[in-house]
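To keep things simple, chains are lettered A, B, C, D, E and F as they appear, and every chain counts its residues starting from 1.
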Amino acid sequence: MITATATALDAGLVLANVLSPKVLFFFLGAIAVLLNADLEIPAPLPKLFSLYLLMAVGFRGGMALAKDGLGGQVIITIAVSVLMAAVIPLICFCILRLRFDVFNAAAISATYGSISAVTFIAAESFLQAQNISYDGFMVAPLALMESPAIIVGLVLVRLGSRQARPGSDGMNWRKVLHESMLNGYVYLIAGSLVIGFIASIYSPAGVEKMEPFVYKFFYGVLCFFLLDMGIVAAQRFKDLKKAGAFLIFFAILMPMFNALIGGLVARALGLGYGNALLFIILCSSASYIAVPTAMRMTVPEANPRYYISSALGLTFPFNHTIGIPLYMGLVYKLIPASI
Amino acid sequence: MKRLDLIVSERELESVIKALDEAGAPGYSVIRPVTGRGPDTYVTEGMDFSGLGANAHVIVFCEIEVLEKLRVSINPILNYYGGVAYVAEASPL
Amino acid sequence: MITATATALDAGLVLANVLSPKVLFFFLGAIAVLLNADLEIPAPLPKLFSLYLLMAVGFRGGMALAKDGLGGQVIITIAVSVLMAAVIPLICFCILRLRFDVFNAAAISATYGSISAVTFIAAESFLQAQNISYDGFMVAPLALMESPAIIVGLVLVRLGSRQARPGSDGMNWRKVLHESMLNGYVYLIAGSLVIGFIASIYSPAGVEKMEPFVYKFFYGVLCFFLLDMGIVAAQRFKDLKKAGAFLIFFAILMPMFNALIGGLVARALGLGYGNALLFIILCSSASYIAVPTAMRMTVPEANPRYYISSALGLTFPFNHTIGIPLYMGLVYKLIPASI
Amino acid sequence: MITATATALDAGLVLANVLSPKVLFFFLGAIAVLLNADLEIPAPLPKLFSLYLLMAVGFRGGMALAKDGLGGQVIITIAVSVLMAAVIPLICFCILRLRFDVFNAAAISATYGSISAVTFIAAESFLQAQNISYDGFMVAPLALMESPAIIVGLVLVRLGSRQARPGSDGMNWRKVLHESMLNGYVYLIAGSLVIGFIASIYSPAGVEKMEPFVYKFFYGVLCFFLLDMGIVAAQRFKDLKKAGAFLIFFAILMPMFNALIGGLVARALGLGYGNALLFIILCSSASYIAVPTAMRMTVPEANPRYYISSALGLTFPFNHTIGIPLYMGLVYKLIPASI
Amino acid sequence: MKRLDLIVSERELESVIKALDEAGAPGYSVIRPVTGRGPDTYVTEGMDFSGLGANAHVIVFCEIEVLEKLRVSINPILNYYGGVAYVAEASPL
Amino acid sequence: MKRLDLIVSERELESVIKALDEAGAPGYSVIRPVTGRGPDTYVTEGMDFSGLGANAHVIVFCEIEVLEKLRVSINPILNYYGGVAYVAEASPL
């Protein structure tokens, strides 16, 4: 009985999500590739959109953080999410080693340990549309989960690959840490968060003038960006098909499994509905920003076709369409209503 | 004079330029983004948003001695990360 | 007496239109070229603006369509506009053949059969400023009038050119249809229309979040885009002068003639003031997007200098400055006030 | 006692300015360079922002001008600011000749005679945050102060360099005037001002539709642009260090000295608090747009490293962080409160 | 090795790349947008907004055999639609 | 045929193109923005916002006679404002 209601609910949520402008624009981009329509969003426009989105989401997070403070669940939730970024790659690695060599397995694992900022943003939009509240501090892990995932990925390569690797003599951990923590996007989201926080306290007039930019304009740019992501994802999906069925299954089942773990942890942390969904998204989404860049530099033996295409070609679309509402259904089942 | 054309990922651009500086190249020019295909890789503008970027085309006009040094410093980068480097004749206008 | 009032009205309308920011920015761009000022809007920024404008105008059209429904004049008006896209090139062709070979005549004709989305957008702005209502469904022809114009253009080339052409053996109609219907811009406007329609029904929360993006921001981007179009049009006008007086006259008189036909058809269709003006714009404007692209591919014998420069260098500025208010005057004369 | 209050006031002003989003984003960009973070805003995105900012600030100025009219202090203030653009380079030249050759001294002088539109914009934002009113006509000098500074710079080169220069035979003053008056950015700000003025009078509906674009969106783009400027300034600062201590001192002390002159003139003109600050900014800021471009063309003997790096690498950041509030303190001291 | 430089309209890029793939080119690089002028055509960035685009510059390093095949497949495209193709010597660094 | 590669500041592009037209070049192609370094100058994309711009790369395929004329008209520009010009052999595909 409860299950039936929950399932019915899920279907409604899926529909509400799939028929929202953001997801429809994503489809529009993907269908353009399938129909071979001559639609193109040339460089550096996608970069403009992603810079804007990260800047705005960071700033909004900082504003929320300034309002809500750092007490209560904040520190513990952030700490646990960083822990998840290290634990999830380990699980992924064990599964991926069934079919892939150490290099590819480690690179893909790192990707899934980290997060997709745009999926997070889409989940926020979803929560807003559903009138479910969430806390601004949940943005912080966006800036903190890339590094542990990258580091665990590299440790796995180290442990797993017996022979010496050309680039790895006295392997520059400094360079790796630099790449993972000072990746431009990670830096921008972290910086915007801090700015949003500081300005909220010391410059309310400035924040007020910033608001139309970070709020009113946001959803439209998200749609524009997802149009481009639809194009990219569909192109990547073609690549993914060449990589075989194992990776295709992995790219759908792994996020769901990570979502389940995330849901259980969220429940243990006592998070409310909104925060629990965002926590799950942090766990189940996969990075296509800092991690691939770091992997290219440090594990060039791994084929980008695998780690980029699985994250972008399948996990990303899956999470955006079915994943978010599905995880919301999960939240409803796992989290006691009283919170 | 010689003309060297390098096509490498934007991610390796910094180390390539460092190698050019160290080899004493009198100058260089960089064009980007460049897309393309190699024997088994494929680079599009599609990853522009992600910071992974595309390729860069580096043109160097230099004496043959500089090339000797570059052969040592740049070829390992190309072999490990991919990219191509070709040399041709060139004379000042 | 009535004529005098109407003419006086026209002058007021022309002034109101010419002194609006959008037209003034167009002039600013054009004058920059005349004065050889170093003003440049580098690629791909103009593409960003045009993608945005098409996306927003499509989405707004879809929203309006969802509100107004598909009943009444909707289907018939759309069907007739598609017919006009096939009829107008035939008329143009007869006139152009007086001076041009088959290839150029057909290519220019196709251009005038199709439409200019930005002129349409400017006419919408004009109507809003005049507080004249119009219907959202009028956007639909923007996505539907390119293909018939292109096809008629090609049929004219086929019939007109006796000897076999190199590219035309078993001439790939499929390729032509693909190019005309899946041109990126046509696809984007059609897709955004559908998304606006669907989202209005199923995702009101999403639509609400989209509104600031597609409304508040719209007019400013239009001005920015018209600044660029002023630059381009002035450059193209230089080209046009080389093409001779015939084409110059054609590029002004033909739109006026097409506007007249359009006005009579609009009256026959029983359209109101606003819709009648938009219908006239569909008839009198000339394409510089999908059609030139298709013509380049399928009729490379034609010189782009002719078909692009006439549409962009003269018809576009004419319609934007004098055309729109002139046609409004025509509407006031042709359409009974009661509607 | 009064001094103490004023100083305390300054510290508060500095804090309010430095902790505003716009300055914090500037720092974020600069710190990215120091930490070697991989943050990049690729061309032509910065151009998009600067085109937008100039267009919007010009349009807003035109609107204000239409509201306030051209009476009272307007003409005289504008005329004096143009005069300042010619006088300040002369002072700078005398100082710079202590260390630099004629070419470099003249080029740097011209830079400091002209203005930085973005510093002006930041000062407007500062005034708004402080709820201090100012007049729209103060925008006009932005379009008028480049040319005199450039011309004085060239006259100094002529007088100062004894031997004939290759490019200067029958030196094309026409080309120089063209470059200085029809520089794209100068043209755009002047044109937008005129458009804002005309449209305010003849097209209130158009202006109303323009408002969200030029107001709501403005501050966010300013922050985005300042993020980029932070990156550029920090890179240029590295250059500046190579140029030696003299230029570093010059790049901080000269703006302060020019500000003092500006403050005294503002007092003599009887300007109010807001206008006085803006007038000081016109005097103390240095150009990195039209002047370097003109200098490159007409004084290629001068090293851009000097004139660009001093303006961008130090004067710009100084004015944005400490300068604006410092000058506000100066205004409070110099200008009688009654105005 | 040979170096082939192709400059064609962005509209023909797809068919040129198809020809390269079919001729067995080991790789290629693409730079765009490129503006320019031919004997009687003129290509600017101005039509960027329209989707008509500008030109693209394609660089191919390949063996001479590949060029033989390209001569057959690419020259007709260039003759019909315009564009230029030039060959030079190049040797790997 | 000859191939001429010019790398000049975007600010000098107009006068370089004028020189090409006057020398009777059958065509040219322009790529920009190009960044780079010379013996003592350094050009980045950073000044893009200011209108000062970066460099442009101009490619010209032409007969040797055209080069003779360009030597006279373009070399002074390069000497005064900076930039490089190199010539190589090229033959039509």
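Here, contacts are C-beta pairs under 8 Å (C-beta built on N, C-alpha and C of every residue); 3 or more make two chains touch, one makes a residue touch a chain.
Because the structure is a prediction, the values reported are computed rather than measured.
**Q** Considering only mean CA positions as chain centres, point out the chain farthest from chain E.
**A** With centres defined by C-alpha atoms, farthest from chain E sits D.
**Q** If you take the mean of the Cα atoms for each chain, which one ends up farthest from chain F?
**A** Comparing chain centres, A lies farthest from chain F.
**Q** How much rotation, in degrees rounded to the nearest 5, is required to superimpose chain B onto chain F on the basis of Cα coordinates?
**A** The rotation relating chain B to chain F comes to 120 degrees.
**Q** Measuring from the mean C-alpha position of chain A to the mean C-alpha position of chain E, what distance in angstrom results?
**A** That gives a centre separation of 39 Å.
**Q** Using CA atom averages as chain centres, what separation in Å is found between chain A and chain F?
**A** 45
**Q** Report the inter-centroid distance (CA atoms only) between chain B and chain E in whole Å.
**A** That gives a centre separation of 20 Å.
**Q** Which chain E residues sit where two or more other chains touch them?
**A** 31, 51, 88-89, in rising order.
**Q** Touching two or more other chains, which residues of chain D qualify?
**A** Counting only residues that touch two or more other chains, chain D contributes 38, 42-44, 47-48, 183-184, 212, 216-217, 293.
**Q** Tell me, which parts of chain D touch chain A in their complex?
**A** Residues in contact with chain A: 15-16, 19-22, 24-25, 28, 31-32, 35-45, 48, 125, 128-129, 212, 216-221, 223-224, 227.
**Q** Provide the residue numbers of chain F that touch chain B in the complex, in ascending order.
**A** 4-7, 31, 34-39, 55, 57, 67, 70-71, 74-75, 84-89
**Q** Applying the document's contact rule, which stretches of chain B touch chain A when the two form their complex?
**A** 9, 11, 33, 44-52, 54, 76, 80-82
**Q** Under the touch definition given earlier, write down the residues of chain C that touch chain A in their complex.
**A** 43-44, 47-48, 51-52, 55, 59, 178-179, 182-184, 187-188, 191-192, 194-196, 198-199, 202-203, 205-207, 209-210, 212-214, 216-217, 293
**Q** Note which residues of chain C are touching chain E in the complex, please.
**A** 42-44, 46-47, 49-50, 166-167, 183-185, 225, 228-229, 231-232, 235-236, 288-290, 292-293, 296-297, 300, 304, 308
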